[in-house]
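There are two complexes below, and they share subunit A, which is joined by subunit B in the first and by subunit C in the second.
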Partner chain A sequence: MIGLYGNLLLYLATAAALAAIIYSKVLRIKVDRKYKYSSFFIVAQFLFIFFSYLILTYAYITSDFSLLNVWQNSELNKPLIYKITGVWGNHEGSILLWVLILAFYSFLVVVIDRDVPKKNILNVLFVQSSITLAFLLFIIFTSNPFTLQHPVPYDGVGLNSLLQDPGLIIHPPLLYMGYVGFSVVFSYSIAAMLDKDLNNVWTRWVQKWVYLSWCTLTLGITIGSWWAYYELGWGGWWFWDPVENASLLPWITGTALMHSLIIYRSIGRHKDWTLLLAILTFSFSLMGTFLVRSGILTSVHSFASDPQRGLWILVIMSFFVICSLSIFIINLSENKEKNNFFIFRKGTFILFNNYLLMLSCFVVFFGTIYPLLLESITNEVITVGPQYFNTIFIPITFFLALLMPIGPNLPWKGHVNTQAINRIYMSAILTISLVIILQVLIEGQTFNLSIFIISLGGWIIINSLVDLLPNNNRREDKNIVDLILYNIKNINIQKIGSRISHVGFGVLIIGVAAASSYSEQKEIKISIGEISDINRYSLQYDGLSSDIGDNYDDLLLSFTILLDNKKIGEIIPKKRFFRNSGDITTEAGIFRHNTSHVFITVGEVQENYIYAMISYKPFVRMIWLGSFLMVIGLVGSVLIRIQFIRLTHD
Partner chain B sequence: MIKKPYILIKFLLIYLLSITFIYASNIDETEMSNEVIEISKELKCLVCDGQNIFESNSNFSKDIKLYINKELINGKEKKEIISDIHSKYGDVILMRPPIQRNTYILWFLPSVILFIGILILYIKRRGSD
Partner chain C sequence: MNKKIKRLIFVLTILFTFVIAIGLIIRALEENIIYFYSPSDIKEIQTSNKLIRIGGLVKENSLTKADKLIVEFVITDNLEEIKVIYQGILPDLFREKQGVIAEGSFKLDKFIATKILAKHDENYMPKEVYESIRNK
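Right, the complex of A and B next:
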């Protein structure tokens, strides 16, 4: 019965999407009526999908195994939270979530963007509904979560054990919010090209959508990386896995888009480039979905893939990419922009940023598909592993980090002011002294590349902070405390947001460089009562105990962590034994100390001794801290700008 | 932490049984040295989805790790061991693709693009002066 309602709602949603397409574009009626009807159908479409999603969730909660999808991915004694979130832990459910978020964004456009002229918004709704329709048909024909089965089994197969983790609750929704959010940006770009009378006001409409999508995508990727770090058991935070790469691509182009929008908004240049970035970003989102769902690339995410469905998504993706690129090429603006080129301009530096980001995007893309291309052409198989990406990314990051803090200080036009130059010199001197100090203190005689990269992070951070000093800093005051207080009071508030984001990137670079080169790890065999040392810490194995969860048993292995012979804490890594599936997962034990982690994962367990991998990861927390700072900075800058607009209106 | 001792015992039994089953081939009694870790991170587990030998617990990876360990004890160098394994299993086992005929494009195209970018910058700069 429940499957019937779910199906019905999906069909209704499809009809509503079709109606929205017809009313927004095809019919020749007055614009006001067009808008009235199509927005009505957008809301209806969202509600239909929302309720069908609720029905699926209800089926999961009540363990209704008459639905094939529920039977395949759920079980009776699964904790409630994983029944609810398990909905998106499989292909059908996660595609339904994808479409739900898509419809939600269309709904938001109708609700929020009331100040956009009706003529423009109709085109946006038209593109949005086309995407929704395509994916709804995809669900109905290949991935229907409401497929029934008979007879109804007593218990389900269960959710993939690796996915029964708090990470599942937030990682996929955030990631999808990001992926799908760029569809709105995409729709606005297509709409802008269809209208042809695009001007800077367009940037005001799309900017919030870019920001929202970028923030959620960044958070999604960050949380995914943290999840992999403790769950997959070997303490890596980024694997250059094809699916991770697929999420990185829209992130990179999205970042480039965010920056090129600044040029377009401020001086009205590089319109075509900005539109192309908007198209690319959503195309990469679609490609990410295609790569994950098709299973043509093997990856740790391959829990939910099917080649047949991959083909469908490939068709959908090709359709939208080809259409949008054709519209783009037809509408390339004819008037050539004036060709005055000066290097030390803000606009030029943003172009450098875009260029380097696109290069890194190309590297990620190329490196990911190269083995596939090579195999299909020559039948030779090779592996492109993390080593390749790390090697290529070092020089790109070098240029990016070197130029990053200079750009924001440069003017849009005219001469660079002397204060900005002085500040750059000042930061340069500080950074070079930092390199020397670090080299002497940490490395001594040997040269280590990571010192160099760490200093680049330092260069970004120092520059961004110096940048926040008030503009006229000439105070007669001799008292140093007064001077500092004056500087803090008169800090440059408008710049804070973007500089925090830049500082976040610096922190991220430092974390990555330091954690990769100063980590220590070893695999040990340890008996009860024995002590093993890593870095300055000593780990004592105290023995094992057990704990009982809803559908699993935990084997807890207690360690005491000692620093200078004093107990500073406990680490309890776990082996989790799922009763139903028989799977064993490892839950890493992590001890946080300043910016470092002491990390234990357990291998084989015997009564008196265990095998474990212990590692010391200095600065590793800065990786996630940096990513969060980038998001916080962006949110901050938006809030501050809103505040400023209010103040100027009053 | 122990709530019900009999469950612990039952659980341990199941657990030990399952691991003896899984690790039947495992005769590793020594600690893995740093060098084994280092080498095994350069190699791909051929039976897994995108994991390296170090990360993987498959029998294949266990065997390779044991082999590396043995060769290290025999006094072989890191490079020798990797090239031995490479010649046995082919390019696909190397995480870092070797620089050769079929990977020139992979390795050098990014630098070519970077170089072209710098060239364009140089030309534009001269053009506008």
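Right, the complex of A and C next:
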């Protein structure tokens, strides 16, 4: 029965999506009626998909193995939270989640964007529903989660053991919120081109969607990296794996888009470029979906490798990419923008940012797609080593970091004010002294490239903070405490958000550079009672114990961590044995100390001794901290702006 | 006039850096390509000292462990075999008779692996391995 309801709802959703397409664009009726009907169908379509998703979740919770999908990916003894989130731990369910989020965004557009003129919003809904329709058909024809089986087995096959982890609860929904959120930006861009009337108001409509998508995408990627770090990666946080790259591409173009929107919003320039970025970003989201879902890549993300599915997504992707690019080329604005060109302008620096980001985007794209192309043409199988990405990203990051804090200080037009110049000098002097101090303290005579990158991070942070000082901070104040208090009280609030985001990027690159070059690790064989040293820490292996979970048994390996012969804590890495599948997973033991991690993963376990990998990772926490700061800064800047608008209205 | 020249210089600089960047990218890519071979391919190809990947099945009863975390095992595609030496901890999913990829290089006729990649779950085999076995 459940399969029948689920299918029925999917068909109804398809019909609603089709109706929304017809009412929003095809029919020749009054705009108000068009809007009334199509928004009705958008809401209906969302509800249908939502209920079909609920039905699938219900089948997972009640372990209804009459559904093939539930049987393949669930089992009776699984903890409830992984029954609920296990819905998206497989191909069919995760595509349904993808469409659910897509429909949810369309729904949000109808609810939130009421102040957008009906004429414009209809085109948005048209594009949005076309995407939904394509993916609904994809689900129905190739990836239906409601396929029945008979006879009904007693127990299910179970979820891929690596996925039974808190990471599964938040990583996929956040990542999809980001991926799919850019569909709204895409729809708005297509709509603007179809309307042929694009003015600065348009940026106000799309900006919130760009911000929302960018924040969730950043969080999704960050949490994915953290998950890989402790579960799969034996302490690596980024592998330049094609699937990771697929999520990085829309992130890079999304970041470029966020910045070019600022130019367009402020001085109304580079409109075409902004539109192109919007199209590219969603195209990369689709490409990510294609790469991951088609099974042409080997990864923990590729649940199924059915070539037919890959072909479908490739067709959907090509259709939307080709159509949107054609519309873009046809509508390239004919009236040349006035070009008064100056280098030291905010706009020019944002273009530098875009240039560098697009270059890094190309690097990632090329390195990801090249092996696939080569294999399909020559049948030769290759992998692009991580060194390729690292070598190129260092110079790109160098220029990006160098220019990053200067740009925001520059004016849109007119002369660069002397205060801004002084502040740049001031930060430069501070940074150069920082480089010298670091070089002497840490490295002594030898030169290390990472010191350079760390200082660049410092340059961004210092510059961004100096920039927050109030414009008039040269009070003739004799009391230094008063002067500092004055400066803090009158901090430039409107700038806080974006500067925190920039500081976050600085923190991130410091973390990456420092963790990459100062990490220590070794593989050891250790007996009970024995001590092994790493950096300043001593690790003593105390023995093993066991624990029973819902569908797994844990083997706990206890370590005591000592610093200067004093106990500062315990680390308990685990080996997890899944009863049903027989899989073994390694749960790393992590001890947090300031910005560092002491990290233990266990290999083979014997009664008296174990093999383990122990590592010391200084500054590694700054990588995730930096990413979170970028998001916090953006959220903060939005909240502050809303507050300002409210104040000026009162 | 002055503005136009300034603009020209700017565009040329951008183009110039772009060309250099592309050159560097292609060079970096060429230097960091890791080729994948099956044990049968290896017999035909001279690849000493170059970083490569070898994929196939772990031969039954071929895993031997010496002390100091050194393991030896044989990768086979049911036609040819390659002996692999690896120092370190094997991944959880490393099992005999199942798919594996070893990354490393030949040193004096021995394949010294620096990285061992095992499949992600039991229904799944690295695609390269699957194809290298299927084609034999």
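Everything below uses one rule, namely that the second predicted complex is superposed on the first by the 637 of 650 C-alpha atoms of A that agree within 3 Å, B and C clash if a C-alpha of one lies under 4 Å from a C-alpha of the other, contacts with A are read in each partner's own complex, and residues count from 1 in each chain.
Simple rule for what comes next: a residue touches a chain if its C-beta (ideal position, glycine included) is under 8 Å from a C-beta of that chain, and two chains touch if they have at least 3 such contacts.
Values in this document were obtained by computation on a predicted structure and should not be read as measured data.
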Fit-or-clash call for subunit B and subunit C when the two complexes are aligned on subunit A: clash
Subunit B versus subunit C as contact partner of A:Asn160, first or second or both or neither: second
Contacts of A:Ser581 with subunit B and subunit C, given as first, second, both or neither: second
Which superposed partner A:Asp241 touches (first subunit B, second subunit C, both, neither): first
First, second, both or neither for A:Thr397, with subunit B first and subunit C second: neither
Contacts of A:Ser324 with subunit B and subunit C, given as first, second, both or neither: neither
Partner chain in contact with A:Gln521 - subunit B first, subunit C second, else both or neither: first
Contacts of A:Ala612 with subunit B and subunit C, given as first, second, both or neither: second
First, second, both or neither for A:Asp547, with subunit B first and subunit C second: first
Subunit B or subunit C, by number of subunit A residues touched: B
Footprint overlap on subunit A, comparing subunit B with subunit C: 298-300, 339-341, 343, 355, 359, 362-363, 366-367, 370, 380-388, 391-392, 395, 523-525, 582, 584, 603-604
Complex contacts: residues of subunit A adjacent to subunit B: 232-234, 236, 239, 241-242, 298-300, 302, 339-343, 355, 359, 362-363, 366-367, 370, 374, 378, 380-388, 391-392, 395-396, 399, 521-525, 545-548, 553, 555-556, 575, 577, 582, 584, 603-607
Subunit A-touching residues of subunit C, taken from the complex the two chains share: 3, 6-7, 10, 14, 18, 21, 24-25, 28-29, 31-36, 51, 53, 67-69, 87-90, 92-93, 120-122, 124, 126-128, 131
Touch list for subunit B against partner subunit A, complex: 1-4, 7-8, 11-12, 14-16, 18-19, 23, 26, 29-34, 36-37, 42, 44, 49-52, 54-55, 57, 90-97, 102-103, 105-107, 109-111, 113-114, 117, 121, 124-125, 127-128
Complex interface listing, subunit A residues touching subunit C: 160-162, 296, 298-300, 305, 339-341, 343, 355, 359, 362-363, 366-367, 370, 380-388, 391-392, 395, 523-525, 581-586, 601, 603-604, 611-613
